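In the two complexes below, subunit A is the common chain; its partner is subunit B in one and subunit C in the other.
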Partner chain A sequence: MTRRAEAGLIVAAALLASIGVAIVEFTNGDWLDAQVALTFLAFAGSFGGIHLATVRWAPGASSLLVPIAAFLTAVGFIEIYRLDSHLAALQRWSLLVAAAVGALILWLLRNAGVAVLRRYRYVLLAIGIGFLLLPLLPDSWLIHGATVNGSRLWVRVDVPATSRVLSFQPGEVAKVLITIFLASYLAERAEAMALVGRKLGPLKIPEPRHLGPVFVAAGVAFLVLIYQRDLGASLLLFGVFVAMLYVATGRSFYVIAGAFLALVAGFVAYSSFAHVQRRIDAWLDPFAYYQDAGYQTVQGLFAMGSGALTGSGIGLGRPDLIPAAPTDFIFAAIAEEMGLAGSLAVLAGFGLLLAVGFGIALRSRDRFRKYLASGLTIVLGLQAFIILAGVLRVLPITGLTLPFMSYGGSSLVANMVIIALLLRVSHEERL
Partner chain B sequence: MPALFFNIIKILFLLLLFLFLWQIARAIRSHVGSNPGARAEGTAAELVILTGESDTDRVRIRPQGHVIGRSSDADIRISDPYSSEFHARVGMQDGHVVVHDLGSTNGTYVNGRRVTSPTSVTRGDTVQIGKTILEVR
Partner chain C sequence: MNVPLRRAAYAILGAFVILIGSVTYIQAIAGPTLRDDPRNPRVIAWRTGRQRGPITSSDGTVLARSAPSPDDPSVFERDYPEGDLYSHTVGFTSVLFGSRGIEATRSNVLVSNRDSTISGVLNGLLGGDTKPRGVQLTLDHALQEIAAEALGNQKGSIVALDPTTGAILAMVSYPRFNPNSLVRAGAGSAGLELESDPDEPLRDRTVDQTYPPGSVFKVITTASGLDTGLVSPSSEFADPQALQLPGSESTIENYDGEVCGDGVTVTLQFAFVKSCNTVFAQLGIDVGGDQLGVTAQSFGYNQDVPFEFSVLSSAFPPPGTIENNPPATAQNAIGQRDNRATPLLMAMTAGSVAMNGTIMQPYLVDEVFTSDGTVEEAADPSQWRRAMSPASAAVLADLMEQVVISGTGRKAAVPGVRVAGKTGTAQVTGKAPHAWFIGFGPVEAPSDVPQIAIAVVVESGGDFGESATGGSVAAPIAQKVLAAFFG
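And now, the complex of A and B:
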């Protein structure tokens, strides 16, 4: 596909977003106003900007990534706008900021390439872990953590001399930094880690001294679980780590050991923490806890059920009844108003995104780039899976944003960074 | 009337979503079709001249190989001032495509690394001769 076709699809996605906004206006009984134009401008400006940055600094990059990201963002944006037009206005700004950060990454790497990230891997790891711990800062500080819905994963900055507060979720950026570190660590160690020490029945066990990182990962994920009460991020970090080990070594031992550790951790968490116990009970039988812990899940199920095949139509359902509809439960809101057809379109969008991401990884000749591209794709895929599974009651509900679709600036910035890095990796394969 | 009207809008919007996905899927298919790695193994390898001037832009690699260079006697003639008269040879050895540097002045590079001994290359690898870049497909 050519750059010109990419530009065409970006314009199409921008049109899609503004048509959706127009439909919402119309069903509200309003006539078209500036919102439609602003939406078009925000989408064309942000994704068009990434497109121009790609043409300028990574001309060999895959031309499929940006249109797919634009599509997912557009569908999510329409539903956010329908739920709360003020949030949507903020989301438009976030989108522009995220695109600027993405373009900045492409500019920074224009000469050195992603290889330069290897040199700073321990710095990146330190920043990543620092970001993960940032929400633990005491409430009285200028920069401080904040507890929202029982999870401590927000950081707030009180801007001096005003009453304004900037807030962001550092965990979103941390996941990208930690993935970069893992890719560069594994690029050097994977061969040793794939060595078979001894056999235990059909299971090949690597030498014990190579197992250290697995326990470190499990430990970090468990600490996040305990101190920040963030089930989603903890599951995501651990899952990405295990999946990348498997990609790098091809040893199923790591997957089995990881699953075993996760089960043990899950059991310990279930028996020692009340909030985990509530979540799991509400997952197994949400209708028994309809009044409290299961309320969100049940509302999500009702929403998806009432959506049926083609949905109620945008603006004609009641997705506002679902708690956290613009963020964690955006998929349930989409399923209610766009039906099974709309939700399948979203899933297909994610499927295509993952296919393109893994395609880039497969084509990479260099080990680091291969692991980086697969790791970043795994982050997007696993995050989407964890939150979708929570909404669909395949897994207990864990608070995570649906990449590109949920309302949230930090998430949008982090995902755009992932897209920029994938673009850069695919560009380097054409050199 | 309004109910029917909203239904039509709803369906049209959903069609729009799938139209977009269809376009992307089509683009991926054409992308995969041109991707050297996706082609079935066993088909004859080709040498594609990506940049630089030459008589041809793609050559199917024959078993006895091709000499690449600036000379008019070279099998693949490239008009590149940085190339030697007989710069490198690309041939087949045990079913692999192998690149030999023929003692050129500016060297032969496989994937950006200078090669001095015969080097086996696979699909997707690039061979640089002077300023000319070729890709094995």
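And now, the complex of A and C:
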């Protein structure tokens, strides 16, 4: 696909978002106002900006990534605007900031390439873990953690001398930094880790000294689980660790050991934490816990079921009845108003995005770039899968944002960074 | 080194295939169930806010309609212009208390079939009519009004039907309720009040309540004796002051505690007209408990009556239970003890006499029509069962006419019309008796002349209390309905 077609699809996504906003305004009985134009400008400006940055600093990059990301962002934005136009206005600013950060990364890497990241891998790991632990800062500090819905994943900054508060979810950025570290670490150690130490039946067990990273991964994920009560982030981190170990070594031992550890951790969590237990019970039979733990899941199911094939129409359903509709449950809101047609389009969009990401990884010749592209794609795919599976009751519900679609600035910035890095990796293969 | 990566990619994309399957199941297959779940808050706005088709009586009087809300034209409000008159038949559709009556049983045609389900989308694509359909009932508005007025504020019910087709002409149950109170502001408290009311205004006493039928059941006991050839109207029975029941200390007395005729012998005809318990108790013993049960079943006892609404099964001891128990046989033969009947089945019993022994399947919906008035579905009257032989029916018609001319049912007489009937005064331990009347007219009418069969029951004597009889309380109510029908 050509750069020209990419630009055309970005304009189409911007039109999609602004037409969606217009539909919401019509169903609300309002006339068109500046929101339609502002939405078009925000989408054309942000994704167009990424496009121009690509042309300037990574001209060989894949032209498929940005249009798909723009499409998913547009569909999510329409539903956010329909749920709360105030949130949508904030999301528009987040989108511009995220695109600026993405362009900044393309500029920073314009000469050195992603290889420069290897040099700073321990710095990036330290920042990543530091970000993960940031929400544990005591409430009285200037920069402090905050507990929302029982999970401590937010950081708030009280801007001095004003009553304004900046808040962000450092975990979203941490996942990218930790993935970069893992890609770099594995690029050097993978061969050693793939060496077979001994055999246990058909299972080839690596040398014990190479098992360290697995336990580190499990340990970090479990700490996050305990101290921040964040099931989604710990599952995501752990899943990315295990998947990248497997991709780098080709040893299914890591997958089996990972699954075993996850089951043990899950069992321990189930028997020791009441909130985990409630979630599992509500997952198995949400209607039995309709009044409390199963409420959100059941409301999501009602919304999606009411949407049926063609949906209620944008602005004509009641997605506002779903708790956390603009964030974790954005998919249920889209499914209600756009029907099965809309929800399959969203799933197809993610499928395409992942296919492009894995394609970049498969074509990479350099080990680090290959692991980096795979890791970033796996982060996107696992995060989307974990939250969608929760909404669709394939897995217990864990709080995570749906990449590109949920309301949230930190998430948008982190995912745009992933896109920028994937763009850069695909560019470097063309050099 | 691409092999594990490829496998990981397949695994993650495969996981998305599971999501696709799951969302397809939730939205396409489980969708309608989830959508209609009463806990789904959308049902509130959706079910009540949608346009529903009209429900009318047979003469076109509008009984239920939808109109756009003055506050929000996209939301429809349901309205029942006749208030409580059709509370049990038309019913209601309410957010908090579900649906009842025709609003429940015909909901699928009363709402638009254009929706987002698979069939709805297909129907819309194929250009099918997507507007809600209307339902025309067999009920006659004038007759319904008269019946409700005649029953007044007495607990009980009235069923009037056309015995030649089975079409229900009037169906009244008291206490009633106003369905409008359940669809408007304050529905919550109004509905809870109705649900907790000890008089059970929500219960449809025509089909959802059984009573001991008392002497009304003598029609069936007589049919049993006639069908088996055991008796004729001129058969003679002993006429004691009280019938000593074989194998027990107990006796059966007539209503006033006196002899039926001259105290020596009395004919079956005389006893039927005066409704003497002693004779029919004896007839029941002569016929036998098993045979009585067989006849009761041919009249629809112990059967599910096929009807718009679910009808409580009328109960008679099944064969083998009272055959060797003459006291029980005798008491069941005069409509007491274990004998229980719905007013609907008793109206059908009266109708079978008019119809040479056959019972038509009762129905309430005359036709379903589309928004442009085209009839989409019309009632197709059919015979439900044969209750007795035509000869027995002819004899019973004559006996029942005598009841109205010179017997206990004189207060049901309509000048210029040959009305037949049978009264019943069902004893209830510790309470005033239930007053019954069943009847039909005109006797020996050609099939092209409008006919009517009726059952009236007034619980616990109504306004008359302990002194109530079928003849004094129920027959005058039936008379008002019959007079209006023939007038």
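Everything below uses one rule, namely that the second predicted complex is superposed on the first by the 431 of 431 C-alpha atoms of A that agree within 3 Å, B and C clash if a C-alpha of one lies under 4 Å from a C-alpha of the other, contacts with A are read in each partner's own complex, and residues count from 1 in each chain.
Everything that follows uses one rule, which is that contacts are C-beta pairs under 8 Å (C-beta built on N, C-alpha and C of every residue); 3 or more make two chains touch, one makes a residue touch a chain.
Fair warning: this is a prediction, and the values are worked out from it, not measured in the lab.
*Asks:* Which term applies to subunit B and subunit C once both are placed on subunit A by superposition, clash or fit?
*Replies:* fit
*Asks:* Which of the two, subunit B or subunit C, is in touch with more residues of subunit A?
*Replies:* The partner with more contacted residues on subunit A is C.
*Asks:* Pick one for A:Arg365: touches subunit B only (first), subunit C only (second), both, or neither.
*Replies:* After superposition on chain A, A:Arg365 lies in contact with subunit B alone.
*Asks:* For A:Gly232, select first, second, both or neither according to whether it touches subunit B, subunit C, the two together, or no partner.
*Replies:* A:Gly232: touches no partner chain.
*Asks:* Per the contact definition in the header, classify A:Ala12: touching subunit B only (first), subunit C only (second), both, or neither.
*Replies:* First partner only, subunit B.
*Asks:* Looking at the overlay, what does A:Gly48 touch: subunit B (first), subunit C (second), both, or neither?
*Replies:* Touch partners of A:Gly48: none, neither subunit B nor subunit C.
*Asks:* For A:Leu388, select first, second, both or neither according to whether it touches subunit B, subunit C, the two together, or no partner.
*Replies:* In the superposition, A:Leu388 touches subunit C alone.
*Asks:* Could you tell me the angle at the CA centre of subunit A between the CA centres of subunit B and subunit C, given to the nearest 10 degrees?
*Replies:* Taking the centre of subunit A as apex, the angle works out to 120 degrees.
*Asks:* Go through the superposed model and pick first if A:Pro326 touches only subunit B, second if only subunit C, both, or neither.
*Replies:* neither
*Asks:* Is A:Gly145 contacted by the first partner subunit B, the second partner subunit C, both or neither?
*Replies:* neither
*Asks:* With the two complexes superposed on chain A, say which partner A:Gly128 touches: subunit B (first), subunit C (second), both, or neither.
*Replies:* A:Gly128 sits against neither subunit B nor subunit C.
*Asks:* Using the superposition on chain A described above, determine whether A:Gly311 touches subunit B (first), subunit C (second), both, or neither.
*Replies:* Both partners, subunit B and subunit C.
*Asks:* Looking at subunit B versus subunit C in the superposed three-chain picture, what is their shortest Cα distance in Å?
*Replies:* Minimum over all C-alpha pairs of subunit B and subunit C: 9 Å.
*Asks:* Once the complexes are superposed, what residues of subunit A are shared between the subunit B interface and the subunit C interface?
*Replies:* 310-311, 339, 355, 362
*Asks:* Which of the residues in subunit C end up touching subunit A in this complex?
*Replies:* 1-9, 12-13, 15-16, 18-20, 22-24, 26-28, 30-35, 37, 39-42, 45-46, 115-118, 120-121
*Asks:* In their complex, what parts of subunit A are in touch with subunit B?
*Replies:* Subunit A reaches subunit B through residues 1, 5, 9, 12-13, 16, 19-20, 23, 26-27, 62-64, 67-68, 71, 75, 310-311, 313-314, 316, 338-339, 341-342, 345, 348-349, 352, 355-356, 359, 362-363, 365, 429, 431.
*Asks:* Given the complex with subunit C, which residues does subunit A contribute to the contact?
*Replies:* Residues 243, 246-250, 290, 298, 301-312, 317-318, 321, 335, 339-340, 343-344, 347, 350-351, 354-355, 358, 361-362, 367, 370, 374, 377-378, 381-382, 385, 388-389, 392-394.
*Asks:* In their complex, what parts of subunit B are in touch with subunit A?
*Replies:* Subunit B residues touching subunit A: 6-7, 9-11, 13-14, 16-18, 20-21, 23-25, 27-28, 30-32, 35, 37, 111-112, 124-126.
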